[in-house]
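In the two complexes that follow, chain A is the common piece, with chain B as its partner first and chain C second.
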Partner chain A sequence: MLPFSYAARNLFRSKSRLFQTIGGSALVVLLVMSALAINDGMNRVLAASGSPENVILLGAGSEESIQRSEVPERVAGIVEAAVPGISEALGVRAVSSEIHYMNYLSLDDGTRAQAMFRGVTPQALRVHPQVRLMEGAFPSSGQAMAGRLAWRKLGVSEAAMKVGGKVLLDGQEIIISGIFAAPGTVLESEIWLPLGDLRVIAKRETISCVVLRLDDAADFTEVDLFAKQRLDLELAALRESDYYGQLSAFFKPLRIMTWITAGLIAAGAVFGGLNTLYAAFAPRVREMAALQAIGFSRRTLWFSLVQESTMACLAGALLASVAALVLLDGRTVPFSIGTFTLEITPLVAAAGILTGVGLGWIGVIPPTVRCLMPPLPTALRMS
Partner chain B sequence: MKTTIILIASSVFLVSCNAKKAETPPAANPAKPSAALEKVLSTVPTGTPRSIAASRDSLKPGDEVTLSGRIMGTKSPFVDGRAVFVLGDPELLTPCNENPGDNCETPWDTCCDSPEDKKKGTASIQIVGEDGRVLKEGLEGIAGIEKLATLTVSGKVADGSNPDLLIVNATALQVRK
Partner chain C sequence: MNETMIHCQAVSKSYKKGNTLVTPLESLDLEVPAGEFLALMGPSGSGKTTLLNLLSGIDSPSSGKLVIHGTELSGLSRRDLTAWRARNVGYIFQLYHLIPVLTAFENVELPLLLSPLSKRDRHARVVAALDLVSLTDRMHHTPSELSGGQEQRVAIARALVADPPLLVADEPTGDLDRESANRILELLQQLARRHGKTIVMVTHDARAAAAADRTLHLEKGVLLENP
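The block that comes next holds the complex of A and B.
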C-alpha cells in the first residue's frame, strides 16, 4: 500500500490542475446543493401551507384552482349549522369565507407587480392559526394586511410594504394596516383585505371558497358527505393539505427544470474536468509504471489515485458547502403563489458531500485510463 | 474509451426520472357489508326507471321513485366510509371519454358538460340506517358499485329534497351489467 502522504503530496504537484479540479468540483456540488435546496424549499412551504385539519369547500369543477372557484356566500352559514366536528371557540365555529384573487398592485413609485390577495373576515384567524399579527392591526375597509414576505414576492423593497404605506389595487388606494407572519407557509407572501372590499374590487358576487377547521382531521368525511348531499350548492370538499399537495405536483415540471439545468451545467463541468485530468496525467505515466516495476500492484496505485482525486473533490465540496451557507442559506425565492426559503439542511449538506465523493470516483477515471491501462513495457518507454 | 465514458455519463442524465407508478386497482371495501346494506343490495328495484332530469321537478319528499343512471357527475362521486354516491343522468351527462378524441383520466366528472346540466342531471343516492342516518360504510367496490357503473335504484325521496336538490334514500339497488 502506498502511504497516504504520497497521494496528499501529489495534489500540489500541479497547482493549476488542483485549482481546476477543486473549482470544477465546487461548481458541481454547489449546483446539486442549490437544486436540492430549491426542491426542498418549495416542497416544504407547500406542505406546511396546508393543514390536514382544514377543509376547503370550493366550486365543483374548480378543484385545481381556488381563484377560478365560485361559491355562493350563503354556504358558510349553511356549513356552520350543518357540519359536525367543526372547531369551536367561545361559541364561534371556525368557518371562514374567502376570496382568493391575483392581480397587479401598484406602488407610489410606479412599480407594478403581481400579488396574491385574500379577502377575509376576522374568522380567517380561526382557521389559519399560524397567522400572527406582528405589527399594526387587522384591516378594516380601505386597508390591507401584508404578509411579512409580500415585499419579496412583489420584488420591491421591504420599506414599500410597511405599516402606513399606500398601495394601489385596480385604481383604489389601500393603506397597509398591519404586517402578519405565518412562518414557513405561502400565506406570508399574501396581502389580506376585508372580504367586502375585495368582492367589490374583484367584481364578484360569489366567494372563492369556504375554509373550515375541524377538531379532528378524520371528520373530513362529514364535510365530504355534506358536499355530496347538497348537490344544489355545487361544492367539492378538499383537504387543505391535499390542495397544496396538488399545487406541489403542479410545480413539479419547474423543479425538474431546475434539476435539468443544474445537470447540464454540471455535466459541462464534469466533462471539462475529465478532459483536463486526462491531459494532466500524461507526465505521470512513467512514474506509475516505475512504481509497478518495483512491485506496487495496479490496484494499489489505483487506490492512491482514488485518494488523490477524492481529496481534491472533497476540498471542492467543502468550498461549495461554505458558499452555499453564505450565499443560499436563508434566502427567500419568489414563485407564482408565494415565496419559499432556501435552507441548507443536513440532507442538502450530506448530498453535497456525497456528490464530492462521487466526483472523486469519477475523477479517478482519466488517470486510471492514462496511467494504468497501457502495458508496463510500453508505459516505461512513454514520454 | 472516451466514447464509453460519454455513453455512460449520458445514460445517467437520460434515465427517466418520471417513472409512472403502477396503477392501483379501485379501492375495494374489504369489510363485509352490514345487514342493512346487504338488504338494499339484495333487493331488486321495482317500478319503471325514470331519468333524473325528467323526474326531479315532480318529486316531493316521501315519494317512492325508481331512477336509473350512472355513477358520475362529480370528480369524486363516493364518500369514504359513508353509504352515499352521486348518480348522473346519462341522457343529460356524458362521460368525457365517450366524446371522440377525449382521453380524460377522470371521465366520471363529466367535465365537458355544463354546470347547469350537472346540477339538473345528478342526484344523491344514500343508504340510511334505522336511525335515519347515512350508514358509516363506503360503497365503492361493493357488488359492482364503481365509478361509471350503470344502476337502477328504488327508494324514497329524502326530506329536504326540492327541484334543485334530489336526495333518494335507497331501498333497492341493482348494478346493470
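The block that comes next holds the complex of A and C.
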C-alpha cells in the first residue's frame, strides 16, 4: 500500500489542476444540490398545500383546472346541510365558497405581474387552518390580504405589498389590508379578496369551488357520494391533497427540465475536467511506471489515484455544500402557482457529498488511462 | 563456484510496431553468476534495454527460457511478476525516477512498504541504506533539494533497501558529471564485491563499463563477449 501522504501531497503538485478539479467538482455538486433542492422544495410545498381532510367540490370535468371550474354559489349551502362529517366549530360548519382567479395586477410604479387571487369569505379560515393573519385585518370590500411571499411570486419588492399598499386589478384599486402566513404552502403566495369583489372583477356568476373540511378524512366517500348523486349540480369531489398531487404531476416536466439542464451543465464540467486531468497526468506516467517497476501493483496505484481524486472532489463537494448553505438555503423560488423554499436538507447535503465521491471515481479514469494502461516497458520510456 | 543468478536460454523478444514485427532479441543465451557486476554495452536499438527489462521482470520473453534466482519468469502472470520484482529486483533508472513529493527517506522506504516489516524495522533499514550511500544527512530532503548525484544515490538506496539479490541499472551514470558518475560506479562495485549483489548495468560509456567485472556487447540482438 502506498502511504496516504503520497496521495495527499500529490494534490498540491499542480495548484492550477487542484483548483480546476475542486472548482469543477464544486460546480457539479452545486448543480446537483440545486436541482435536488428545487425538486424537493416544489414537491414539499405542493404536498403541504393540500390537506387530506379537505375536499374540493368542482364543476364536473374541471378537475384539472380549478380556475376553469364553474360551481353554482348555492352549492355551499346544500353541502353544508346534506353532507355528514363536516368539521364544525361554534355551530358553524367548515364550508368555504371560493373563486380562484389568475390575472395581472399593476402597481403604482407601473409594474405588472401575474398573481394568483382567491376570492373568499371568512369561512376560508376554517377550512385552511394553516392560514394565520400576521399583520392588519381580513379584507373587506375594496381590500385584499396578501400572503407573506406574494411579493416574491410577483417579483416585486417586499415593500410594494405591505399593509396600506395599493394594487390595481382590472382597473380596480385594491388596498392591502393584511398580510397572512401559511407556512410551507402555495397559499402564502396568493392574494385573497372578498368573494363578492372578485366575482365582480372576474365577471363571474358562479364560484370556482366549494372547499369543505372533514373531521375524518375517511368521510370523503360521503362527499363523493353526494357529488355523484346530485347530478343536477354537476359536481366532482376531489381530496385537496389529491388535487395538489395532480399539480405536482403537472409540474413534473418542469422538474425533469431542471435535471436535464443541471445534467447538461454538469456533463460539460465533467468532460472538461476529465480532459484537463488526462493532460495533467502526462508527467506522471514514468513515475507510475517506476512504482510498478519497484513492485507496486496497478491496483495499489489505482487505489492511490482514487484517494487523490476523491480528496480533490470531496473538497469541491464541501465547498459546494457551504455555497449551497449560504446561497440557496432558505431562498424562495417563484413558480406559476406560488413560491417554494429551497432547503439544504441532510438528504440534499448527503446527495451532494455522494456526488463528490462519485466524481472522485470518475475523475480517476483519466490518470488510470494515462498512467496505468500503457505496457510497463513503454511507460518507463514515455516522456 | 557461485550459483547462477541469471540463466537465459534461447530467449527471444518480439513485438508488433504497426504492421511490422520487430525482434530486438533473438535466441539469446546468457549466464550470470551471483555476485557478478555485468556491463551491457551496445548501440542504440541493439536490445540492451529490452534485455534489462526481461531480466528485471518488467517484460516477458516471447520465447525461450529465462530463470532468475531460481524462478522461471516466462510462465509468471503479470501479478506474480510484480510480486516477484518486489522481492528480487532493485531497479536503478537513468533519470532516478524518485517521487518528487516524498523525501529521500520516504522514497527509499517505498519498496519496504510491500513487505510485512514493522515501522521500526523499516526505519532501521532505510537509515542503513542511506548510510551505505552516505546520505543520512539528507534523508528529509525532497528530490528537488538534492543534486543529480545525490538523487541517483537515493535511487540506489531505494533499489537495495529491500535486499534484493539482483540490481539492474539502466544508464545509471548517463545523466551525471564525471565525479558523481565515479562515485556511483564505486558504490555499485562495492555492492557487488562486499554485499554479493548481482548487478546488470546497461551503459553507453566505456569508462563506466570498465568498472564492471565483465562487459558484454549487444549487436542486433546478439551478445558478443569481445566485439
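To be clear about the criterion, the second predicted complex is superposed on the first by the 383 of 383 C-alpha atoms of A that agree within 3 Å, B and C clash if a C-alpha of one lies under 4 Å from a C-alpha of the other, contacts with A are read in each partner's own complex, and residues count from 1 in each chain.
Going forward, a contact is a pair of C-beta atoms (placed from the backbone, for glycine too) under 8 Å apart; a residue touches a chain by one contact, two chains touch by 3 or more.
Just so it is clear, the model here is predicted, and its values are computed rather than measured.
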item	value
Partner chain(s) touched by A:84 [first = chain B, second = chain C, both, neither]	neither
Partner chain(s) touched by A:268 [first = chain B, second = chain C, both, neither]	neither
Which superposed partner A:122 touches (first chain B, second chain C, both, neither)	neither
First, second, both or neither for A:60, with chain B first and chain C second	first
First, second, both or neither for A:142, with chain B first and chain C second	neither
Which of chain B and chain C A:234 touches, first, second, both or neither	first
Which superposed partner A:297 touches (first chain B, second chain C, both, neither)	second
Where chain A meets both chain C and chain B, residue numbers	none
Interface residues, chain C side, partner chain A - complex	49-50, 53, 56, 58-59, 79, 82-83, 85-87, 91, 93, 95, 97, 99-102, 106, 110-111, 113-114, 158
Sites on chain A touched by chain C in the complex	1-3, 5-6, 9-10, 12-13, 286-287, 289-298, 375-377, 380-381
Chain A residues within the chain B interface of the complex	60-61, 63, 221, 224-225, 228-232, 234, 236, 256, 259, 263-264, 267, 270-271, 274, 365, 369, 373
Residue ranges of chain B in contact with chain A within the complex	1, 5-6, 9, 13, 17-18, 73-77, 79-82, 84-86, 109, 111, 115, 118-119, 122-124, 126, 134, 162, 164-167
